[in-house]
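Please read the structure below before turning to the comments.
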Amino acid sequence: NAEAVKVGMILTYSGPNASLGELIDRGASLYVKLHGKELPAGTTVEIIKRDDTGINPDLAKRLAQELIVRDQVNILTGGQWTPNTMAIEALSKQAKMPYVVMGAGGSNVTWQEPYVIRTSFTVWQSSYPLGQWAAKKGYKTAYTLVSDFAAGHDAEAAFIKGFTAGGGKVMSSVRVPMKTTDYLPYLLKVKEANPDLLFLFNPGGPAATAFMKAIADIGITTSKIKVIGTGDITTDEELPNMGRAPLGVITVHHYSAAATRKANLDFVAAWKREYGANSTPSFFSVGGWDGMKAIFDAVRAQKGKMTPDATMAYLRNWSNPDSPRGPIHIEPETGEIVQHEYVRRVEERDGHLANIEIETLAATGDPEKQFKAKP
Amino acid sequence: MSSTLINILFFGLSYGMILYMTSVGLSITMGLMGFVNLAHGVFAMLGGYATVTLMNSLGVPFFPALLAACIMVTVLGFVLERLLYRRLYGATELDQVLFSMALIFISVAIARIFWGPLAQPIALPKYLHGHIDLIGATIPTYRLFLLVFGSVVAAALWLGFDRTLFGARVRAAVEDHAMAEAVGINTDRLFALTFGLGTGLAALGGGLGAEILAISPGYPLQYIIFFLIVVAVGGLGSIKGPLYASLIIGLADTATKYIMPEAGMIFVFAFVFLLLRWRPQGIVSRRKG
Amino acid sequence: MSAVLDLCDVTAGYGPTVIIENLSLALQAGEVLAVLGRNGVGKSTLMKTIVGQTRLHRGEVHLKGESIGRLPSYRRALSGIGYVPQERDIFGTLTIEENLRISARSGRWTVEAIFELFPNLAGRRRNRGDEISGGEQQMLSIGRALVGNPSVLLLDEPMEGLAPVIIDQILKVLHTLRSAGGLVIVLVEQYALMALEFAPRTIVLDRGRAIFDGRSIELSGNPELMASCLGLSGSLA
Amino acid sequence: MSELPVLEARELNKAFGPIAVTRNVNMSLMRGERRALIGPNGAGKTTFVNLLSGRLRPTTGNVFLNGIDVSRADEATRSKLGIGRTFQITSLFPALTAHENIFLALAESAGFGMHILRSARSYGSLHDRADELLEKVGLLGAAATSVQQFPYGQQRLIEIAVALALEPKVLLLDEPAAGIPTSERDLILDIVKALPSDIAVLLIDHDMDLVFRFAQRITVLVQGAILVEGSPAEIAADQSVRDVYLGERS
Amino acid sequence: MTRPTDTALPGKGMPAIPASKRWLEAVPWLLALGTYAAAPQYAPLLTQIFVMILFAMSLDLLVGYTGIVTLGHAAQFGTGAYVAGILAARGWITDPTMTAVIAMVAAGCIGLFFGSLMLRTKGLAFLMLSVASGMFLYEIANKATGITGGDDGLQGVVFSPLLGLWEFDFRGTTAFFYSFVMLFLTFIFLRRVVNSPFGWSLRGLRENDLRMSAIGCHNYRRRLTAYTIASTLAGLAGAVQAQCTGFVALNSLSFELSGAVLIMLILGGSGRLYGAMFGVPIYMFAQDYLAKRDPTNWFLWQGIILLILVLFARGGVLSLAERGFHACCRRRPG
């Protein structure tokens, strides 16, 4: 009469985007490793991993379908890409299957979907406050340069809304195709426009490094143009690759590995023990960590006897006052995460670059939902 | 205004040179030897990994690391040619596609096991960092270096292939293996040599281009289209073609990005489309004597 | 006196299929052999066996005393076998000049000498191999074999598609090569009469076997034998 | 009232870059005519055939088929209108069988090429016709063998059979006898003789024996231009033809 | 026997299945139904396999029969998927069969358009043009977020019950039978096509297109017809995909999909419709199995399997099977 809870986790484990999947998986696995034993007697949790190979909603949906029908999981999780997540959500609604999203950042992910919560973030959550902050600091003109995909469009819209509301002026908004490898021509144009601010958004990873190097190469970092963006452009795992180019870049995000909160120090230490001193957790990892904690909390709360509706009722009111990123909770109406955002500057610490938190902004849910809710 | 023009010209040409450096190896294995080697990127990636690893783990300086990487990958190319590639010389292009895709899959997985999923940072020597200001234009040092280096490589290849009979022998052997042997060409050795050269150049391109085309396990798949475009637009079997193609595409890409950043990739593809409609055999083709 | 080219009991074919069976043949320096036979009896296959493009099932091929039967094709070419294949097999993507240059080895025949012999080719030296006329391709094929300065020349229907004047000219060249240079020539020809006239010795193949091997006059002087071997009526002879 | 030529070339010119390969060639083929075209290598015979059949476009000049200008029509159209040809350098469908090679030609000329849903097997009369043609060239026994496995000489015969399958009004034969033993060349003459008498045939060959037995008239092409035209006897006696083409023999 | 029999098998000089062994043709279909009966939880995977087989078969008409190697076939697949998806998402037409038909027409038009631009070229140039055509549509779909949802994918795609009777359920039962029937119909159709004079002429084009025009074939028009037919069927595959998953995303137009379907086809063996029926399941089952065993490194195993197959089963799995089959036939006396 042991209670076996099955968790189906769909992430990208192969292909060009495997690095992000690995970061989420490592965060989630670290939680399981450290706290996975803390369960009611007789209860076990089995995690079944599936590879969606990248942005591939058809496959993701099929995998979810199989996890539900074939493996009879109790909870679905993962959710690295917005399109994949959206495809799975339709299914989670049909099959009444709780779904914990650990990675995707598209606003509409949790939009009125009854069986979904999110432990990651939305792009609006960081870009909008950044716009407000920049306007408040007295910057007048901005140039936005975002990667041409859904999150990029969100970032552009959110920043512009925050910045212009505070009195700033956007000179030009350019979307860079995802397949681009050479950023110099775009930056050349930025340099000629000579704005106060260059707002950047890209999907992180190699693109972020390439962008940052190009910015340095063309001499923007040494000019009066201030480079700002969301945490994606200086992710903790890419910083070591960027040389000294990003020094002084300002970003707003909900997590920095360099944060000195106790919960984070412990988290980072555990991470380095587990994955090596050269490895650094990122905001994706913390999404995985918190997502897994939410799932285990739900299992503990129901003593392993899982029903979809009880699980959802619990998850919708879940909170973690002591997450590595500070206190977080889920907004019951939307399933959306509410968290603090931090203004950070890239500085040198112990011979390495790090995102140093310099200011904490008030905790919010997803600003876009709030705008939409008020017609 | 004129400094903008200089900038576009310079960035376009130097970007073109990056395309050239990473693709020229393919124009040899595919263009000259006729092997549909979609796995070209594998050798470029390995060149990049070898360079980066030698630099980061063993502290070898950039240029010696690059040279060592080329040699290592060339040797690997030889071995693979002897063991695998040569079995498929006579096969249909479809079988070659399948074969090279298999190699890509394997190498992607192996790269991931050895180097992890993240892109590898390449720390260029200090003197290649930053930028030089020239009559109002900002010129990144590394791009300038690539432009010079690429020209040297192109010139060397041109002298080696077009001015000697090496290229003609390779083409003869590809076109009619049996007849080439019958006029006394050791096709086996010739192919091994050529293939080695192609992989060596791929490695060189991978190492040199690592700054712009980041070295990660997905590399062979991610950039495959770039390589193919350069070879197709350049013209099969030509040595000069890929250079012209790279430079033209580099320039066109840079100009559209600057002039119409909203247009995105559509214009690059439209441009390639028009180029190929205009000259289906490529810019420099052996079809039109 | 040892033979320049010596085939001992050769059985060969494509893959498992046997086309040439138990064929023996020895040719001395300066000797010229005509190979005759109907379509599909294995004339070309015999040539290919000497060049190394078939599978040698049994037997031996010697060139100047050296066993070449198991050598790769290019080694045979380097040791002195020149080959004009029936279907010309010009390298179509190479220029005329490249076609010749990649085959050239030092000796009497140089690329320029070939251009002198075939002025047609000289005018087209920068054209691609597939841009010249059928006859010009044939000339190029012959030129390509000559420029390798071989000691054994295998000609598989070399006169096909050539104008009568050119044929005369080539026959003259072959005559001088044979008498002056001791070149061994094996000639497959559909113009049986011309071949019999040119070559002192003839073999006639039928389904992979030699059904006649002897002096050409024995054949051309004997209408019945001609008819039985080649299907040629006596009146034609 | 003089009869209209079936095929007529008027002032035909063709140049490859700077090289003029066909120069002001005029030629008329009458119904049922048996004409030979000879000339030194590289004289432009194949090019001329290519101009007539539509593989190449003339630089200037026109081609008329039954009085209609077909100079702008492409090869396929001209084939449909009744120009059939063989190729000096064998051009077949190597992986298909001899039967399939011929069937394809039959189906195209019958205009069935776009029949998408009916099984090719059900075109019984075409198959019979294909077998008939194979019989004619003596290869019926090997009908199901893919043509790449045929010896060269037999491929040449299939080449002819494919051309015949088109039931052309004008048949252009570019060195059809190449690779066929002297003893069997009569077969080609027999095949041509057996053709309906209204078909015009233009034959190119370097085998003078064949040419003289075949032709009613002979045109000699040299360096892209017509040197002389005449009956076989006239041509054989012509000193200029001897000088540039025939040489001492014959 | 000079006349080939009507069958999907005769490929590049391969002998056909003898008439006495024709029952073999029923095996794959029974196998598919049997698999479902034994393990209904595999329905989603089987459905996706059917869709890919359908897609691969349409590609085979180009690659295997006509000798047109394209890396842009997803352009038509995606068009079909988006057209069906958008019709349903907007609530304009939600009937599955109607949307499928419209999707096919749309994909056929797209194929006709691109084909007319590209088919005068051959070889590598064509290959790159086809890549460009795919990229083109991809970029357009990516930019037109208002219509396609950009890379968020198309939301809210709900089709009405099939023939008004069967709902597309989350267990995938309806989807399974629907895709099965569509595949079967397509197969029957394609089988007729490749065995018709038209189909033969495509093989002629593959073998020697210059000769084809000399016997009176308008090569360009013929190729364009083949391309349009293949496009239409690819559009059907896309539509079925959209209907069975209830979602459409940019990857249905992607270069990766074009590449993957080509690999599956070659793996099975091109130039005989059954190649797709072997290649796709082998590839997808292997992928499914390996990816579950080892989500991070399954690429390695997949690569090794492909490598072994290409080294030892040249011409695809089907070639290997055929060789074995004919060896058996020959050995048996009589």
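Each chain gets a letter, A, B, C, D and E, in the order it is written, and its residues are counted from 1.
In this section, a contact is a pair of C-beta atoms (placed from the backbone, for glycine too) under 8 Å apart; a residue touches a chain by one contact, two chains touch by 3 or more.
Keep in mind that what you see is a predicted model, and the values were worked out from it rather than measured.
J.: If you take the chains that touch subunit B and keep only those that also touch subunit C, what is left?
T.: Joint contacts: the list comes back empty.
J.: Approximately how many whole Å separate the CA-defined centres of subunit C and subunit D?
T.: About 29 Å, centre to centre.
J.: If you average the CA atoms of subunit C and of subunit E, how many Å lie between those two points?
T.: 50
J.: Taking the mean of the C-alpha atoms as each chain's centre, how many Å separate subunit B from subunit E?
T.: Computed value for the inter-centroid distance: 32 Å.
J.: Between subunit D and subunit E, what is the separation of their C-alpha centroids in Å?
T.: So the centroids are 42 Å from each other.
J.: By the touch rule stated above, which residues of subunit C touch at least two different other chains?
T.: Correct list: 131.
J.: What positions in subunit D touch 2 or more of the other chains?
T.: Answer for subunit D, listing residues that touch two or more other chains: there are none.
J.: Could you list the positions in subunit B whose residues touch two or more of the other chains?
T.: 108-109, 112, 221, 264-265
J.: Identify every two-chain combination in which the chains touch.
T.: A-B, A-E, B-C, B-E, C-D, D-E
J.: Give the list of subunit A residues in touch with subunit E in this complex.
T.: Going by the criterion above, the answer is residues 11, 13-15, 18, 22, 49-51, 53-59, 61-62, 65-66, 68-70, 82-83, 86-87, 90-91, 94-95, 106, 108, 148-150, 153, 177.
J.: Could you pull out which subunit B residues touch subunit A in their complex?
T.: Spelled out, the residues of subunit B in touch with subunit A are 4, 7-8, 11, 15, 18, 108-109, 112, 116-121, 123, 129-131, 133, 138, 140, 142-143, 211-214, 216-218, 221-223, 226, 253-255, 257-258, 261-262, 264-265.
J.: Taking the touch rule as given, give the residues of subunit B at its contact with subunit E in the complex, in rising order.
T.: Listed in rising order, the residues of subunit B that touch subunit E are 84, 87-88, 91-95, 97-99, 101-110, 112-113, 221, 225, 228-229, 231-233, 236, 264-266, 269-270, 272-273, 276-277, 280-282.
J.: Could you list, by residue number, the parts of subunit B that touch subunit C in their complex?
T.: 165, 168-169, 171-172, 175-176, 178-188, 237, 286-287, 289
J.: If we count contacts the way the header does, which residues on subunit D are in touch with subunit C in the complex?
T.: 16, 39-42, 45-47, 88-90, 150-154, 175, 178-184, 206-208, 244-250
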